[in-house]
Amino acid sequence: MLKVIVCGATGYTGVEIIKLLLKHPEVKIAGMSAKIDKPVKMSDEFPELKGIFDEVVEDKSIQDLLKIDADLVFLALPHTVSMEFAPHFLKKGMKVIDLSADFRLDDLSVYEKSYKHKHSFKEYIGTAVYGLPELYKDKIKKTKLLANPGCFPTASILSLAPLMDKIGQAISDVIIDAKTGVTGAGRKAALAFHFSELSDNMWAYKVGAHQHAPEINQELSKAAKKNITALFVPHLSPMKRGILATVYVSMNKKNDFACADIIKWYKAFYKNAPFVRIYEEGTLPKISGVLNSNFCDIGIAKAGEKIVIISCIDNLLKGAAGQAVQNMNIMCGFKEEAGLL
Amino acid sequence: MLKVIVCGATGYTGVEIIKLLLKHPEVKIAGMSAKIDKPVKMSDEFPELKGIFDEVVEDKSIQDLLKIDADLVFLALPHTVSMEFAPHFLKKGMKVIDLSADFRLDDLSVYEKSYKHKHSFKEYIGTAVYGLPELYKDKIKKTKLLANPGCFPTASILSLAPLMDKIGQAISDVIIDAKTGVTGAGRKAALAFHFSELSDNMWAYKVGAHQHAPEINQELSKAAKKNITALFVPHLSPMKRGILATVYVSMNKKNDFACADIIKWYKAFYKNAPFVRIYEEGTLPKISGVLNSNFCDIGIAKAGEKIVIISCIDNLLKGAAGQAVQNMNIMCGFKEEAGLL
Amino acid sequence: MLKVIVCGATGYTGVEIIKLLLKHPEVKIAGMSAKIDKPVKMSDEFPELKGIFDEVVEDKSIQDLLKIDADLVFLALPHTVSMEFAPHFLKKGMKVIDLSADFRLDDLSVYEKSYKHKHSFKEYIGTAVYGLPELYKDKIKKTKLLANPGCFPTASILSLAPLMDKIGQAISDVIIDAKTGVTGAGRKAALAFHFSELSDNMWAYKVGAHQHAPEINQELSKAAKKNITALFVPHLSPMKRGILATVYVSMNKKNDFACADIIKWYKAFYKNAPFVRIYEEGTLPKISGVLNSNFCDIGIAKAGEKIVIISCIDNLLKGAAGQAVQNMNIMCGFKEEAGLL
Amino acid sequence: MLKVIVCGATGYTGVEIIKLLLKHPEVKIAGMSAKIDKPVKMSDEFPELKGIFDEVVEDKSIQDLLKIDADLVFLALPHTVSMEFAPHFLKKGMKVIDLSADFRLDDLSVYEKSYKHKHSFKEYIGTAVYGLPELYKDKIKKTKLLANPGCFPTASILSLAPLMDKIGQAISDVIIDAKTGVTGAGRKAALAFHFSELSDNMWAYKVGAHQHAPEINQELSKAAKKNITALFVPHLSPMKRGILATVYVSMNKKNDFACADIIKWYKAFYKNAPFVRIYEEGTLPKISGVLNSNFCDIGIAKAGEKIVIISCIDNLLKGAAGQAVQNMNIMCGFKEEAGLL
């Protein structure tokens, strides 16, 4: 059994990782930590775990965490915090799956501008692998430091990668209009996330300025083999979880590809991806289809010359914890779907 | 025009009072105050007021509030805070409508036990009138210090007063199972009220120990002319606003009253109450029927020998701001419905 | 007092019209009709009207409706049904406000294609005025047949009209990504609108093929004085009411207009529009700001060279009943805001 | 592998059974049927099953169903329909788990009154076992015809059985105030269940007259060894799924049992029940704790002399499909928790 540590166990992502690991046939939870005032039973904080996982979580120092006999650590920590933890585990020889943005961006200056924070461990940037299994499975197999993608980037990049790969040179313009459930903002009290503020409400935020945009552009540009700057606009919606991204693609020449052809490209591109489902022409995915699962559902339509792509994920699973476990499976030689279906 | 001050203007209740006053034909808002860090335009805090009420609210001292030329003040303040403000306005000769619990209870020891706070202005308790217009209209007309009822007590007492009045002596047992929307907890961030925690969820709290219970018992006992101790159990529900109270009444002798007769008693009892609506036999109210209104809708059923009463209000209107304005209308000689229909 | 008939009184739009008229100082409801199996008290169908409006509504024939002494009729009827009613009232000399799409499109062939229905009253198309007061107030004053805009077109056109007016020639591309509450689909049972299907869910539909698109394009083209074909993609969201449209505008030359300048154009364009509110730079509207009101709130951002506009309305008010009453006010010489603030 | 048929596969309960069976280590789905107009792929009707379960379901005759090689059938059919199907499968020697009410009541006259339908297969009533594993595990092991309890009865009976068992003779009065999510009403369109009707709303229905009440009373009476007539009042709440029952128990003599003692009784009573969790004194369950699980969470409080019990289940799992699978496990000698954790 693989021995695993979860840091940040009381966040929405952390507890989701723990729930997945509890059902995983090859893994044992060897330790936990969380930024909390005093130790608490996980099942007191999350009553759904009562009788299933009654372990106590506490705020452990990095020294104490290093004493635990473990093979791999999930860092479900805030941006700028992960980078302080990862090197210690790596030096000990452990595998690290970091769910923050700290090792996702190739260009440190972009990181430092986006997250308004000086990066302290530049030497690791080059060794980290961007953990989107549908694009980088071979690299993921070999890495010790995995940068798990953000939720918006996962939905966005998966919706566009086949198109970038096939006709990236002809694409002139990409707009990503994303709608997200509120767990994407983390498990913390804030008036804006109060039930009575968000119920029957919706709003756009950080228009063209979201910290996930550089991550999206980095990966789209690699896939297209040219510089792509998508316009990314997120919207907070009255849902617990789930992301629906509506993606608009314009081309710099006449777009005479049939929708059916484009769908074929997608199916071919994802033929070995067990968690991506491409919808048939004339049908589009809903968030309900992916809720509580690790799937990314993608539907494609043509409207005039534009290509419109709908991409749905559960932000806490394929957008975070599920993808992290999928990456662990690949890094450790388990079946890619283990514990995820 | 009556000149009015609103203290606590940025709470859910405070802003609701302001919205009602803006549509009121006889009133002018002369001043506001709120416990906030720095002055803010009301329409920045509540964008629905943009262009309608762009005044700035700030944290005014009692001295500054007393300098405002005003006839009446609404204290939409937390329990234990109101009592520090009310006497100053009263001494100046102003009318005071207090929406906290500070002057609702006749018995100071009950207050101090329920709110875990020593009462500093005992001398005012006797002069305050409990502001349930359906029971105390004559006293309300004459008072200068009005204790506006709590939201749960309003729904509960109105649902039971006619029965207590008619057959109080025969009633042996009262259970009030109340379901409330989340605005009842006030406009403040807390993890329990986070959209993702409350959506698709529900829970009971303070079973038999809610601070509103003594207020309910006080008024039921007066109406019954004997001591009544109802069991009050509130539940938080995934709704922005609204209370539905399901009330179970048992009797200490054979209950051979027909449902139709009981409904007649209620209609007679409330014949001069413009904001209480009694449903016909076989029909029961829903929260949607009273949302955004000052109505209390009441339906009655018999189940075996028990009487079951369903009572619905909007917790922010008939349960707080609307009732406060209704009381203002009565205290100031306006039409009782002014600004409320 | 103006005597008014409401046809379609039991739909979401119909009852909203009635609620507005009940508070309107210049209007009296002279008659109602609805496609229902048997007569019903409006307050039984809509308990919030209990004691306020207990009139009975029934399925009246056009002959019976014509016998009512009335000056104006609201047709809150489905597309293709309104056209059968309107001419009768017009011939009698009454004013007609039609909330369906039947008289909105100048080009009959576009109507017949969009609504898959042969238009039986072509002769009236030319005399109808498109009822967007912010664009056509002078024509509205004089018309007897008013085509009240759709909810999506209202949010969309108001968000773009000033831009079309000012720099329409330079605009190359418009995408409208709209999110709507479920009342937009009308008051009828359907599995897709079931609480358990829509809660925590969202989906796009009729991508680039919604019947409101031609209406949007017609008005944008007029405003731009050139042919505009916006891509319109609606999304159903877990909200009772409200529309948030996110509009993306690209230009065919370098866009060096500052956001502040664009906001100035909007403020100037709408300076006489009491129900349009333009947000300051750096702030964007939320649906909560316009809920239960007749306002359209608009915020503008620049993202790279693109202009992003956020437009919010209450789909049942500014998107239907409220705008209809606003048009009635203008047609009848009342204050434009009468009954709407 | 056990070969299983699911009748009613496209209802909320039917599809939930299928999802559980797909993860069950000992079971194979051998056939399906549903009352639908034309055959449909399960993954078209329920997109979450895409790629996981793409089988076609159709409206099969009983003759065709009997031709399938199968060991056990789940009847997720409406009341009064199940009774027409069950005997055929029994005669063939198959095991039958019926999720309707058709075989739950010992007294046929009570059934016929509650469901307003003449029972056509009285001879089977005596052989059916009421499938509450926490009470009847031994009988369940041996039966071929299992009557799976209703959702409200499951939450209600589990909340009271230990008390009935221990002090049933002293109990004078039981009130069950239940709040349910909307999937309890089945997967069918109805205006009352429309998102815009149920959102921010709540109502009581069938006060003291719900068809589940006799089932509750039958089991409470057996447990108490005396006649118990609980007052059962259900409320529809704006939730997809989940039931929270608040149960009020009065006694006919002084109740001097400590809460801690009562909790001990419950823990002892359920010591072999893997899906019942008893909360510690001072804590109460929430619906979120049992959502998407087969658990029944129970918390107990004392309020004066009354005992207040809070019981939570997921209505589609422990209240239907999950309990049916639990019963299958027991009937077939599998581990009771198989496929359910």
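Going in written order, the chains are labelled A, B, C and D, and every chain counts its residues from 1.
Definition applied: a contact is a pair of C-beta atoms (placed from the backbone, for glycine too) under 8 Å apart; a residue touches a chain by one contact, two chains touch by 3 or more.
Since we're looking at a predicted model, the values are computed, not measured.
Averaging C-alpha coordinates per chain and comparing to chain A, the farthest chain turns out to be B.
Chain pairs A-B and B-D differ in how many C-beta pairs are in contact, and the one with more is B-D.
Put simply, the C-alpha centre of chain A and that of chain B have 46 angstrom between them.
Once the centre of each chain is set as its mean CA position, chain B and chain C turn out to be 37 Å apart. Put simply, the C-alpha centre of chain B and that of chain D have 39 angstrom between them.
Those residues of chain A in touch with two or more other chains are numbered 181, 197, 199-200, 238, 240-241, 285-286, 288, 291. Those residues of chain D lying in contact with chain A across their complex are 47-48, 50-52, 199-200, 277, 285-286, 288-293, 295, 297, 341. Of all residues in chain A, only 173, 175, 177, 179, 181, 197, 200-205, 207-209, 229, 231, 233, 235, 237-242, 244, 246, 248, 250, 284-288, 291, 301-304, 306, 308, 310 touch chain C in the complex they form.
The part of chain B that touches chain A in the complex is made up of residues 12, 181-183, 187-191, 193-200, 238-241.
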